[in-house]
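Across the two complexes that follow, chain A remains constant while its partner is chain B and subsequently chain C.
Up next is the complex of A and B:
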C-alpha cells in the first residue's frame, strides 16, 4: 500500500494520496438475485421470521388458528365412523374463516410496504439494480404466497386427514384441487387489494384499519343488502350484489366453476354466465391493483 | 380537565387529509345502503332494524371507534412526537381526558348522525327505531372510544387488537357463544336501545341495569388506566 504515489500537480501543501481503494471485481449477482432476495425477505417477514419475537406472535397465531380448525375438523371426521367425507367442503373453509384471513392481510400488508415508505427506505431499494416492476412484483408475489401458505396449509391438513381416514381418493383429490385453485385466486386478489390500500398510507395503524375496512365493510354491506333482497323475494339481485365485496366474489367464482355451495342467502350462487362476470371482475381487480401499485411507485420518496 | 390546544391538535390529527377518508366513506355507504334498501323494499320496521343493527351498530360503530380511539393517541406514540406534548406542563390525565372527549365527539359525529339519517330514510322513525339505534350508537361511541384509547396507550398494535375485539370477539364469538355477548359493548348499547324502541324491535341479551353499570364502569376504568399508562409511558424504538 503506497501513500506517496499519485501526487497531484500544484503546490507542496495540496496532495492527493492513494489510500488503496480497490474496485470490486467479484461476481455481480444482478437484478434477478435482488428480486429473489426481496421476495424471500418479504415472504419471511409476513410470518415474522427474521423480525422480533413480538412481531411473530400475530401471524403465527392466525396461522395456528387456521391449522387448528382444520385439525379439529379432521379429528371429528375420524372420530365419527359413519362419515364418508369431511364435515365441510374444501372450498368452504376459506369462506368460513374469512375474518382470520382478513386480519392476516390487514396486519401484514402494511408491515410489508408502509414501513418502507415511512422510513424512506424505498429510494435505497431503487439504488440497487432493481426496477420499479421488480419491487412491485416481488412484494405482490410475496404477499400472495404468504396468503397461499395461510389458506393452503389447512387444506393440505384436511386432505391428508381425509386420505388417512380412507375417504374416497378420487372425490377428495378433486375437491382438494378445486379448493386449492379457489384459495390461490383468493390469495392473489386479497394480496393485491391489501397492498394497494397499504401503499397509499405510510402510517401502519391507518393502513391496518383501511385494509380491514375495505374487506369487512364491503362484506358487511353486501351481506346485509343480500339478506334484505332475500327477504323481499328479489333473488335475482342477490347474484349481482355479490360482485361488490372481495370474499363474495371468490364465493361466486367457486360456486360457478369449482363445485362449491354458495354461502349467499338461500344458496343462490351465480350460474356459469354470471360466473364469467365474477371471474372477469376478479381478474380486473388483480390487474387493477397491479397497475395502481406500479403507478404509486413511479415517483415515491424521490 | 380539558385543554383546548391538545383538543385542537387531536382534531387535526384525526381529520387531517387522507385519514378522514375512511371516516367519511363509512357513513356515506350506510346512507347509500339505506336509500337503496328503501327503494327496494319500501318502509318496513324489520328491515330497518336489520340494516341498522346488522351494519350500523355491528360493523360501522366499532370500526369508527377503532379509528378515532386509537388514532387520537396511537400515531403520536408511534412516531415519538408524544414527548413534545408530555414535556409541556399539562397533567397526563388531562391529556387523556381531552383526547377522549375528541375521540367521542368524532365517533358520535361519524356514527350516530348517519345512523339517525339512515333510520329516517329507512322508515321515517317508525316505532322509534331510528332514535333507539342512534342512542345505541351514542352510548357505544363513548365506551368504544375509551376502550380503544386505552389500547392505544398500552400497545403499538392497538389497531389490530381493537379490530380483533370488534370483529372476532363481538361478531364471531358473540354469534356462537351466548356468554360472550355479556361482555360486548355492542350488546350493552343495544340494551339501552331496547328500552327506547317499541316492543320487540331491538333485542339485547343483557339487562339494562347491568349494561349501564358495565358501560360506565368500562369507560371510567379505561380512562383512568390510560392516564396511569401515560404517566409512566416508556418510549420504545421501532418494533
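Up next is the complex of A and C:
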C-alpha cells in the first residue's frame, strides 16, 4: 500500500486517467427524480420485481388469485345466456376478496419499510438530496399504487368481460367507475395502515403478524359484534360498529355513496349522513397514517 | 468535474463557534474549524461529538448556535445542495442482505439524482475502484466485513461527490483489512480528487492516511494541524548496520564513532526502538539536517560495515496527542509525575 500511495501522491491529477477513475460531469436530476425513483423501485418491489425469485412468489400468487376469480366470474357471465349483468357488483369484489388483499398488505408493507429500518439503510437516503417527506410520500404512494393494481386489475377484467358479454354499456361503466373509486379509497387506506404498522414493528415476523391483526382481527371483531347486535334487534348499533374496522369502513362509504349493497348484517349499511362520518373517519385515518410515518422517520433520521 | 487541484485554497468545511446542546449533554461546544481539501482525520474518543458534527455538516440536524459551511454552502439553509455534492458512509451496518452490491449501489446512485444509465455505469466503475469484482452480483448478506465496508464506501462515492464523510470506516476490520481500507481512503483523494473527512478513535491509523488531523474531545477542539506538524517536528533516523570481522559489534562501533562526532543518540541499547524489527541492532539518531545523513553514511563506510537501513522514523500522532493532553493536564493540575512522563516522550 505504502509504495502505491507514495507515487500517487507525487503526481496529482496526471495519474487520474491512467488509473481509470472517471469523474461524473453529467446531469444530477435532484430531489423530484430521486423521489420518483424511490416510488418506482418500491412499487416494483411490492410485486417482487427487482428482487429475488423467492420474493416474487407470494405477491404474484395473490395477484393471480384476484385475476383468476375475476376471470371465472366473467366466464360464468358469458356461459349463462340468461344473465343481463355480472354475477357480482364491482364494489363487492374487494369486500369478498379482502383476505387476499389483507395478505398482500401484510407481506408487502413490511418489506417496503421495515427492511430499511431493520438494516438501518434509512440514513443513506437522508444523507442524499431527498427529505423525510419525499421518502414517506414515495413509500406511501408506491404501496397505494400496488394495492390499486391488485384490486383494480380484476375490476378491469370484469369490465372488459362485461362489455364482451354485451351487457348494458351505461350500467357497466357506471358500476365500474364506482368500483374503481371504491378500491382507490381502499388502497390508500390500507396502504396507510399497513405502512404505519410495519414502520412501528421493524422486526420481520412481527410486522406481518401485526398488519394481519389490524386488518382481519378488527374485521372479525366488528362483524361478530354486528351479528350479535342484529340478533338482539339493536340494528341502529350496526352502522356505528362498522367504523371500527378498515374493510367495514370502505363497505360503509361505498354503500352510502357508490351504490354498493352492504355486507353488513341486514344489508342496510349507513345512509348518507352516517356515510359522511365514514368518509371522515377514512380520510382522518389516511391523514393520521401519514402524520405517524412522518414522526417515525424524524426519529430515525440518521 | 473537480479534481483536487481546482478546489485548492478553498475551504471545504468551515465551522464557527458551532454548538449543539441536547437537554442533558453538550455534544459540541463552540467548535471552530477550518478544513481544506485533502484527507482530514477527525479524531476523538467515543462520544467526543464526531457523529453530531457529521449530522450538522449534512444539514440534517440544526446547530444550537454558531454557523457551519460545507463546500461554501450554509448547512442551515442549503442542506439539499450539500447532500448532492457530499457522500456519507455511516459507522453502523446499513446494507440490506438480500440484494446484490450492484443493485444496491445503483439504487443509491439514483437516490443521489443520477439518471438510470449513468447510475449503472458509475456503479460498475465505483465498485471496481473499491475492489469488488465478481462478488458484486451476489447478495450482500454473504459478504465479509471487509467487503461490506467497501460497498458502504462505494455508495458514498458513486455520485462522484466533492467531499466524502467517512464515519469510522475501519471499524471491525482486521489489520490487513484496515490497511487496505486506509489505502483506499488515501486513493479517494489522490486518484479520485475527492476530499475526505474520516473519523476514527484510533490516532495511529490516521497518521499514514491524513494530510491534516483535527482532534476533538468533549465537543471542543483540542488540536488542529497538518499531519506533518504532528509527526515531523524533529526527525529521528533509524540506522541498522551489519557486523564485520574487525567490528564484531558493528552497532556499538557506530554508536561510539557517532557519539564522538557529537551526534545525539536517542535512548540506548535499542530501548526506544521498540516496535521496529531487530530492535537491539538499531540506533536511533537525531537528525539535525542534511549533514547528519552524510555523517552517518561516511561513518559506516569508514568502519567498513554494511548499511542495512537508514530510515526516517516519524513520531506517532499518539505521542503528540498524549503530549497535548498531558501539557494541558500539567497546566491545570501541575502533577509532577504526569509531566515527567510527557516530557520524557518529547525528546524523541
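Basically, the second predicted complex is superposed on the first by the 276 of 302 C-alpha atoms of A that agree within 3 Å, B and C clash if a C-alpha of one lies under 4 Å from a C-alpha of the other, contacts with A are read in each partner's own complex, and residues count from 1 in each chain.
The criterion applied here is as follows: a contact is a pair of C-beta atoms (placed from the backbone, for glycine too) under 8 Å apart; a residue touches a chain by one contact, two chains touch by 3 or more.
Computed from a predicted model, the values in this text were never measured in an experiment.
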Subject >> Per-residue contact with chain A, leading partner among chain C and chain B >> reply: C
**OP:** Could you tell me if A:22 is touching chain B, chain C, both of them or neither one (first, second, both, neither)?
**Re:** second
Original post:
Regarding the shared-chain residue A:123, is it in contact with chain B (first), chain C (second), both, or neither?
Top reply: second
**OP:** Answer with first, second, both or neither: which of chain B and chain C does A:229 touch in the superposed model?
**Re:** first
Original post:
Is A:204 in contact with chain B, with chain C, with both, or with neither (first, second, both, neither)?
Top reply: first
**OP:** For A:295, decide between first (touching chain B), second (touching chain C), both and neither.
**Re:** neither
**OP:** Report for A:213: first if it touches chain B alone, second if chain C alone, otherwise both or neither.
**Re:** first
Original post:
Once the shared chain is lined up, is A:103 touching chain B (first), chain C (second), both, or neither of them?
Top reply: first
Original post:
Regarding the shared-chain residue A:221, is it in contact with chain B (first), chain C (second), both, or neither?
Top reply: first
Original post:
Both chain B and chain C contact which residues of chain A?
Top reply: 51-52, 55, 115, 119
Subject >> Of chain B, residues touching chain A in the complex >> reply: 18-19, 22, 25-26, 29, 33, 36-37, 40-41, 46-47, 50-51, 54-55, 58-60, 63, 66-67, 70-71, 74-75, 78, 157-160, 163-164, 167-168, 171-172, 238-239
Original post:
Can you list the chain A residues touching chain C in their complex?
Top reply: 1-2, 4-5, 8-9, 12-13, 15-16, 19-31, 33-34, 37-38, 41, 50-52, 55, 115-116, 119-121, 123-131, 301-302
Original post:
In their complex, what parts of chain A are in touch with chain B?
Top reply: 51-52, 54-55, 58, 99, 102-103, 106-107, 115, 119, 200-201, 203-206, 208-210, 212-213, 216-217, 220-221, 224-225, 227-229, 231-232, 234, 237
Subject >> Complex contacts: residues of chain C adjacent to chain A >> reply: 1-5, 55, 58, 60-61, 80-81, 83-84, 86-88, 90, 92-99, 103, 107-108, 110-115, 118, 122, 125, 129, 139, 155, 159-160, 179-180, 182-183, 186-187, 190-193, 208
